[in-house]
Amino acid sequence: MSALPSQALTPALSVRDLTTTFVTSAGRVTAVDNVGFDVFPGEVLGLVGESGSGKSVTLRSIMRLIHAPGVVGGSVLWQGRDLVTMPERELRRIRGAEIAMIFQEPMTALNPVLPVGLQIEENLKAHTPLDRAGRTKRALELMDLVGIPEARRRLSDYPHQFSGGMRQRAMIAISLASNPKLLLADEPTTALDVTIQDQILKLILELKRELGMSVVFVTHDLGVVAATCDRMAVMYAGRIVETGEVASVFAKPRHAYTRGLLGSVPRSGAERTMLLSIDGTPPSLAAIPPGCPFNPRCSFATEVCRTVVPPLDEVSPARLAACHHHDRVAAAGSPVA
Amino acid sequence: MTVAAPTATTTPRRRRARLLRLPSTLIAGAIILLVSLLLALFPQLIAPYDPTAFDYNALLAPPSAAHLLGSDSFGRDVLSRVIHAYGLDLQIAVFATVPAFTVGVIVGALVGYAGGWVEAVFGRVVDAVITFPFLVLVIAIVAVLGPGLTNMYIAVGVVGWVFYARLVAAEVKVQKRLDYADAGRVMGYRPLRIIFRHLLPNSITPAIVYWMTDMALAILLGSSLGYLGLGAQPPASEWGVQIADGKNFMNTAWWISVFPGVAIVITGLGFSLLGDGLAELLRTRK
Amino acid sequence: MMIPMNDTVISAEEVSKQFTLPQTMSRRLRGAPQLAVNALNGVNFTLKRGETLGIVGESGCGKSTLARVLVGLLDCTEGKVMFEGNDIAYLRGNARRSYNRRVQMIFQDPYSSLNPRMTVRQVLTEALHVHRMRPRAEIPGRIAELLDLVRLPDDAADRYPHEFSGGQRQRIGIARALAVEPDVLVADELVSALDVSVQAQVVNLLLQLQEKLHLTVVFVAHDLRLVRHISHRVAVMYLGSILEIGPTEALFSTPRQPYTRALLDAAPELDPTHRTTSVAARGELPSPINLPVGCPFNTRCPFAFDRCFVERPLLTERGPMHRAACHLTDFGLAPAAVPPMQTEAVS
Amino acid sequence: MSLLPYIFRRILQLIPTLVFILVVVFVLVRLLPGDPASALIGDRALDADVQRINHELGLDQPLPVQFLYFLKQVATGDLGNSLSLKAPVIDIVAQRLPVTILLTTMAAVIALLFAVPLAFLAALRQDGVVDTVIRGVFQVGLSMPVFYLGLVLLTVLAAGLHWFPVGGYGETFPDRVYHLFLPALTLALSLAAVLMRNLRSAIIGVLGAEYVDFARAKGLKSRLILIRHVLRNALISTVTLFGLSVGTLLGGAVITETVFAVPGAGRLMIDSIYGRDYPMVQGLTLALAVLVSLTFLLTDIVQAWLDPRVAR
Amino acid sequence: VDRGGTLAYGRYADSLFLEPVLNDGNVDIWVLSNLYDTLILPTDDGQGLRPGLATDWKVSEDGLSVTLTLRDGIKFSDGSPITVDDVKWSLERAAKPDNGIWQFLVQSIDHVETEGDKTVVIKLKKTDPAILSALTVFNTGIMPKKLFEAAAGATDAEKAKAFAEHPVSSGPFMLQSWQKGADMKLAKNPYYWDKGEDGQPLPYLDGIDFQVIPDDATRILKLQSGELQGAEFIPYARVSELKNDDNINMELFPSTRVEYVTLNVRPQLNGKDNPLSNEKFRQALNYATNKRAIIQIVTHGVGTEMTSFMSKATPLHAGDTPLYPYDIAKAKQLMSESGVPAGSELTLLTLAGNQDEVGIATALQQMWQALGVKLNIQQVDNASRTEQYRAGTFQMRLAAWTDDIADPNEITSYFAYSPTIDAIHTSWKNDEVNKLFEQSQSETDPEKRREEYARIQEIFNSTGPIVPLYETPYPVALSKKVHDFVQIPLGNNIFRSTWMSK
């Protein structure tokens, strides 16, 4: 079950059967269910889905940042080595150095009691042979790179003295400190204003180009996907339900959920009309309906959807979808086209 | 974006399931305190002897079949005294804290809501009270009013309300900035209604959790005052007084002080467990 | 869709709001003046019965403050808010309560806007009871009606907020506001906290209710697409001022203010084929404590010229009901006449 | 970022607090039944003796006059003479207070030395056996009356095993530290329990914070994360609690000092209350209040240092 | 034997003011005799006299003057000689009215004359049979006049305070250092006159280290661990335990200490009728009190029953059978004769935190229940108790007494002679007793005086305002190494010839 595009390249990151479960008071829940995808060098993969669909857990599972009662299964191959089973010491050399991560909320992801400069240098100290002076110099470069003015003064400032956009830039600077090859960005712009989001998105793309990184970009904003990603994967209730080139998915969604998502977004020319909303709410992880998890909310659902879990299959070149009725969905057309 | 809460339908089965999901600390604490309460309410059903009856033939008798936990220097049965002390010690736990709790919560809610100079004045009062060693102040007040439990309650109340008020005021201050408080104001509700009907129920949790600890502390305070002769008066049995009674017999008749000590520890444990459990419960409910 | 734009319900006249910050000891010793956040700086608009006014702007530009001033949660420092011809600052007693009833607010955060310790029924009963909307006996019936109105299941009444999803909570909030049968609804970021699919449900509900109940709505949001979808008219705010206000269509198709245009450019389109690498607006919002002199946008505006740094532009007519505050009165008119937006990539 | 204005403001706030305390204490001690003379002489006092002594002490003056006189004294840095010890209050306070300061400081240090590592251990093994044992032991410690705990420690560690002297106070500084270890330990246990509990939940909270995950995502070593990222943040609330506990600690010193025969200010306070030694009670209260306030100030400064968001 | 060394002695409370005349209580009195010698010293049984700074003394025929001869070569601790001037000044200071609360013990002294440099003559206002005993009492200790008067301060009280900071003493020890409330170190007085049995100069000890350890248990632990060589006020409960300790001598020194309940006999108290004014009722209470049981429970057998209100160690004590032996039938009968209704409530004041008093009170509560009397216990601190006591508003209180002088006059004056303090503030009054006491105060015939005291005791014991409980010795625990320490019945700790074996 993989989302393999028909590309000859070897993937930089290859996720297979990634399954993460938690023990909660309601019992064992599967937050990420058999997820598999590849990320190719220099590519931006968008991961979209509603809140709680497992996007963040997926990223955290890749970085092995799942807390104790959580269990991660499957494999995450990074340049041939499996991060899931790697010893902690080795993993530490990859984290922050080869694979970096940006968190959703810069306010909570930056340590409030340490100066921003120190939080950048920490990374350099862990992964580069630079001495103190060298680290400061590199920190200044990074601050410049991400567009924080007056970098020298700002190094000794604390996160609360930064504005939201600046914090996010600082976080990007920390993540990029050791020139990672893969950037896992978990909704890096959700907390930001449009103009700042615009700046940050462009910054990431720019940096990606310059540094030749691959990026996994988690977002729930389809506009952002449209503006930044090469390929996308749509998640629902812990599973990937559809993947493909961004343009082709937008043009012809093959899963009812993808279609519904696209339709929920207001678009120009249709002001003050009813939106194409998806009824109901996403299922609780503790009570995922049998069959296709989306079936209770799906207007295409039939009997089979209520009993058989649809596999994620290649439905057209470089497109995978987990829907019994992907043909009917495709035929219904894209709400944004 | 925030995580959407799963839709829940409340059926009786779910309710029962939820009861089973109560924190284990809460259940353990509740069981301990329930048993304590039974002992407090019906001591005579369990205690083998009259707790004040002297037995000149069994002065300082070690634990035996006749006196399961031994007897004290008056020949009184330690077990009976420990059991009969439940009533008084639970009373201390409750009476010493309830006035402080009530006053503190009300004042705290008002202060937290009012803010401004009211809060500044209150801040100074808090400073003054916490600056003064608590025990010393209680001792001084008891010395003014005369020893005895009632006066101890007053003394603890006079000092103790501040801690509750502080907790509640801080929490109300947080809560009043939340949208539901504004919603109340937009609906045109009067401030008192907003404070006591809306804000307080949501701000009282830390005070309740602290209350549990405080009740355990009150028992200890009662015993410290008992040690100083300022607490429960004879012949009433009270654990602290019993421990003080047994102080001179630590080497020769350890049972006089050890068993009331065990009772204090267990009851204290009950309160803390209940407090921890409540904290956990109320936290997860949020 | 015709908007009945006959009478003005509510209007803001030169509304300003300052939040004084607590004076620090060092400043007091230096004799420095007390600092204040200038959250609103002379806001003017009128709102007609039955219309929806959208208010957009970036975080911190004063949208929520404006909403709160409108419903009377905050008093404005200068200017006034007029409701049916009365300055609300002078309303007292019953008149004040009646104002509170008729102008209702729905809140952004579905988690904090409902008292977690009250069931839906308690919340609604309280509203109905305090304002004596119905005799006691009729209250249960009315609650059922309200729940039906916002399309919540019947058994919702006896559940606590935490048992609902975010979208459902927002609907409870709407039901609470509707319980007192208001004329005006002020919705502050009503759906920002919700998922796209759920957002659509709530937006649809709001549209339906407005039609059905002839509500006047102030819809505050930072999401341009949403505001555009829902509003008859839109006001664009920046640093506590309205920089442009006009009918939705006109404003979005021909923005007459550089900031409006930057906002539009920055919002990503749902079209993967349409990509730019240029940045729509440089820099960040200046601090509302030290407002720029002149045009508030001058620190980020690529078209700013001398005058923008000394004189504050006023809102002036740009079309039917369309007004903008910019010294470049021709901005946005003929694309050729105006220099293309200077764009630059970050690096 | 300078802390000076912040400290200055805190010191200004201290003044009304002290005045308030002084008034309360002044009134309170005079509300106590009995007078210094009868407390001093006891049962054999003759009326004439009592009157004579009260007159000598100026206690036959109206209360406001006495209070003004007291204020004047305080303003000139004189706290009067102790009625029972027949010596200047200042001298006695100067003799006794350092003992209590040493005792409570040691108790605080011991409490921290217990609380911090054990809180870590408990938090990292949340709900495990280690956690349960640690919490259980502290619970027992917390539920033991101080005087009893003190006696048990004395009997076992001092008289039994001869590891420590049985109470008292030494001559040289190391000797004093040695003498005060057991009383400090007694005093420390309940504080340690409170701090441990608080710190444990703070650490559990911080361990779940996103910035800790972010630190791990940077590939930092676990120990560095625990010390630099977790401990510091977790300590913030604990430091506040610690400051608030100082008053309780001093209160506990009353009994500890009695049991361990430590000549400190706590015991003196109680003796003075019982002896109706008004000037002594007032002087001690003032000294203790200043001491506690300074501790608050110190904890506030530590907190401001730990948490840059505090000092605006 | 080598007899040096410093003895560490644990006290329950510290002295407050080490000044013979102006001190206030036992904590001072009981150690003062180590610092200031008196002209005459008490014998170890507290009843006899032996030479002190004076080698002999004579009371004149008319009983109005006492002539004493000073010992040769006596010196203060600074080496200066003790002169007749010092003696004259010291005695007159002690006798000056309003100077200190102990003046009444020597109030018969009119003035002191000196003859030559060895002889002093004390002139009395009236005959005083207790004058020689008074000259053994702490407040007649001899102090250096010059140094005292040179001390800073204007009044006697101020000078006393200043002098007491750096005292120069005439007794076997001198003050070396004093941390008030913590410890007090005495050093041997190198100029002390007395010699021991072995002809060596006294004191044997190089010094005494009085450590204040208020907690009984801690004091004992410290003794057991060898950090102390002596500890006073051992709780009775631990006496037998310590008797079995191989390293410890558990001493029970005879004392004048009596424990009793004081009964306020005023007919009205706080606006209510006071049943204690009824003599039969008081007797009923007395018979209902099982003293033996109390001795067993509270003193663990250490105490003995009282045969008079004054202890057996008090001179002129009379009585050989225990007062009011337990007899509940008689008690009930007296109760019904008294007409006091069953269910009457009485309130007993006890000292907060005093285990013995609580024990007694609890026992009384039980015992009097048999009479239908309900006893309320009210624990108060010392000052409050004294206030109620002096105001006469208390109903009953527990109290203990020790003599300060080896004469019955002090206790009788306080207990029975109503003009002093209203018979321990009970308002009990007996004209015959008053008259007898006044007579006895100047009675020079010892036999007649004995008879007067016998009669006073008879009256007071049968109708008096107390419930006598028990008399107890002073329980002092000493390390086996300590020899020749005594505490005399008056409570004074005598370290004069104490020595420690290595």
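Here the chain labels run A, B, C, D and E in written order, and each chain numbers its own residues starting at 1.
The rule we apply is simple: a residue touches a chain if its C-beta (ideal position, glycine included) is under 8 Å from a C-beta of that chain, and two chains touch if they have at least 3 such contacts.
Chain identities (UniProt): B, D = Peptide/nickel transport system permease protein.
Predicted model, so just to flag it, every value in this text is computed and none were measured.
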{"item": "Least step count from chain A to chain E, where 1 means the two chains touch", "value": "2"}
{"item": "Contact-graph distance - origin chain B, target chain D", "value": "1"}
{"item": "Chain located farthest away, centre of chain C as origin (C-alpha)", "value": "E"}
{"item": "Between A-C and B-C, the pair with more C-beta contacts", "value": "A-C"}
{"item": "Euclidean distance of C-alpha centroids - chain C vs chain D, Å", "value": "53"}
{"item": "Separation of chain D from chain E, taking each centre as the mean of its C-alpha atoms, in whole Å", "value": "39"}
{"item": "CA centroid of chain A to CA centroid of chain B, Å", "value": "49"}
{"item": "Chain C-chain E separation of Cα centroids, rounded to whole Å", "value": "89"}
{"item": "Per-residue overlap in chain D, given as positions that touch at least 2 other chains", "value": "32-33, 147, 151, 155, 274"}
{"item": "Junction residues of chain B, two or more chains touched", "value": "1-2, 4, 6-8, 143, 146, 227, 244, 247, 250-251"}
{"item": "Multi-chain contact residues (two or more partners), chain C", "value": "165, 167-168, 195, 198"}
{"item": "Interfacial residue positions of chain B with respect to chain C in the complex", "value": "1-2, 4-10, 178-180, 182-189, 193, 197-198, 201-202, 285-286"}
{"item": "Residues of chain B that touch chain E when the two form their complex", "value": "52-54, 56, 59, 73-74, 143, 146-148, 227-230, 233-235, 244-245, 247-252"}
{"item": "Chain A contact footprint on chain C (complex, rising order)", "value": "1, 58-59, 165, 167-168, 195-201, 203-204, 207-208, 222, 224-226, 228-230, 232, 248-249, 252, 262-263, 265-275, 277-282, 284-285, 345-347"}
{"item": "Contact set on chain B toward chain D in their complex", "value": "123-125, 127-128, 130-136, 139-141, 143-144, 146, 216, 220, 223-224, 227, 240, 243-244, 247, 250-251, 257, 261, 264-265, 267-269, 272"}
{"item": "Of chain E, residues touching chain B in the complex", "value": "216-217, 235, 237-238, 241, 293, 296-297, 300, 350-355, 358-359, 361-363, 365-366, 377-381, 384"}
